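Please read through the structure below; I'll follow up with questions.
Lettered A, B, C and D in written order, each chain numbered from 1.
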């Protein structure tokens, strides 16, 4: 798992690559919490390079969503690979996030 | 099928209710084309009341997306019922639209 | 074994009758609204295709649907006397394309196959027969 | 009949071995990357739960996985000597809740059941045995 960030216009774009499995999720959670603590109002998580997720990764996505809702901010996800989208569908996650087909579309919103 | 529209902030919110099956899709397409011709830059389609869709309805969703992309506008969908989300998943449509859990979230983007 | 048969004419407006029939059967046979909805979708796609593509004349044609439910299998047999067409041989659309590159249409047969667990086809004398099966776990 | 068995110790880091094993088997048995990925997910959830919940002592325990593939059925049997736990009796989370009301966690067993076509459980002497089956259509 690799997480990087970049400010594009008014949005903070986080890019996650690789696998979000149980072995990686603690590191991911720590990085994410640190970023959220900076209080950004608009965060986009680019998942084009994310090729595996388990419930421990999903857990953290839900934490981000709850935190961003708590501060009245915007959180959206873009560029999910089909296999990850399937996991989102199975777990009802596709109904609780704002999901965009690509970063360009996500930035425009 | 019932289609209504309302301007909220900078977005035109379309609300579709009922069924989008083959018997209804011509009427829906006509209404939609007329609205698109007005050149709105930001359209949200609220599907909270949409409880059935067939390929003839999906067809029109794709037409809207293509037209909005053509003019560099923003199109997003919100509040899909679980059964409709399933049809979106089956047909790969959940990967090509911006989809929000509810209207409030969609408006914020 | 529970069974029911209907005859429809080749007009899109018959979809209403199809829907009413299916909703009645699903409530009689205690099938969930979610199952009813997705089977309705598969049957609408198959029926619409027959109406749109099977006939070149402007004549009325009979399209029959036989429903049966036994051993957790819901079966529907659709018969029409249109031109031969075997949907099991229809190639699947590429559903991973981005919006710009996706063709408009071409999802009907694909949805039938996604929803039903088994789809088979037979041509007998002058009839198309489409056999659709859905496993019900409830 | 193709078969393979591995022994893992109750440590999360063993997930890497699990993944390597599964990827090798899938390529030997010509199973698609998509199947491999979703079975990996189901096994990760089951394995992680055993590591996290099955043992109260701080001792190492053996968790075995037996893989077999025949007649389009991929089967995995997971055995551990932890406290009795039958996941088939776990009630499903409500996945239709909005984000605010969704609890954090509680998806693992649910995903196992969604991915695998058959899940059954047996307690034999001091062992939990979980039988997982996936139908492969390819």
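Everything below uses one rule, namely that a residue touches a chain if its C-beta (ideal position, glycine included) is under 8 Å from a C-beta of that chain, and two chains touch if they have at least 3 such contacts.
Model, not experiment: these values are computed from the prediction.
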Chain groups still in contact once subunit C is set aside, others held in place: one piece
Steps in the shortest chain-to-chain touch route ending at subunit C and beginning at subunit B: 1
Distance from subunit D to subunit B - Cα centre to Cα centre, in angstrom: 39
Centre distance in Å when subunit A and subunit B are each reduced to the mean of their C-alpha atoms: 24
Whole-Å gap separating subunit C and subunit D, where each centre is the average of the chain's CA atoms: 37
Touching two or more other chains - residue numbers and ranges from subunit D: 96, 98-99
For subunit A, residues contacting two or more additional chains: 82, 86, 92, 95-97, 101
Pairwise touch network: line, ring, star, complete, or other: other
All chain pairs that touch each other: A-B, A-C, A-D, B-C, B-D
Of subunit D, residues touching subunit A in the complex: 12-13, 15-16, 34, 37-38, 40-41, 44-45, 48, 95-100, 102, 104-105, 107-108, 110-111, 114-115
Subunit C partner contacts - residues on subunit B that touch it in the complex: 21-23, 51-56, 58-59, 62-63, 65-66, 69, 83, 86-87, 90-92, 95-97
Touching residues (chain side subunit A, partner subunit C) in the complex: 82, 101-102
Complex contact set, residues of subunit B against subunit A: 74, 76, 80, 82, 85-86, 89, 92, 94-101, 105-106, 108-109
Complex interface listing, subunit D residues touching subunit B: 96, 98-99
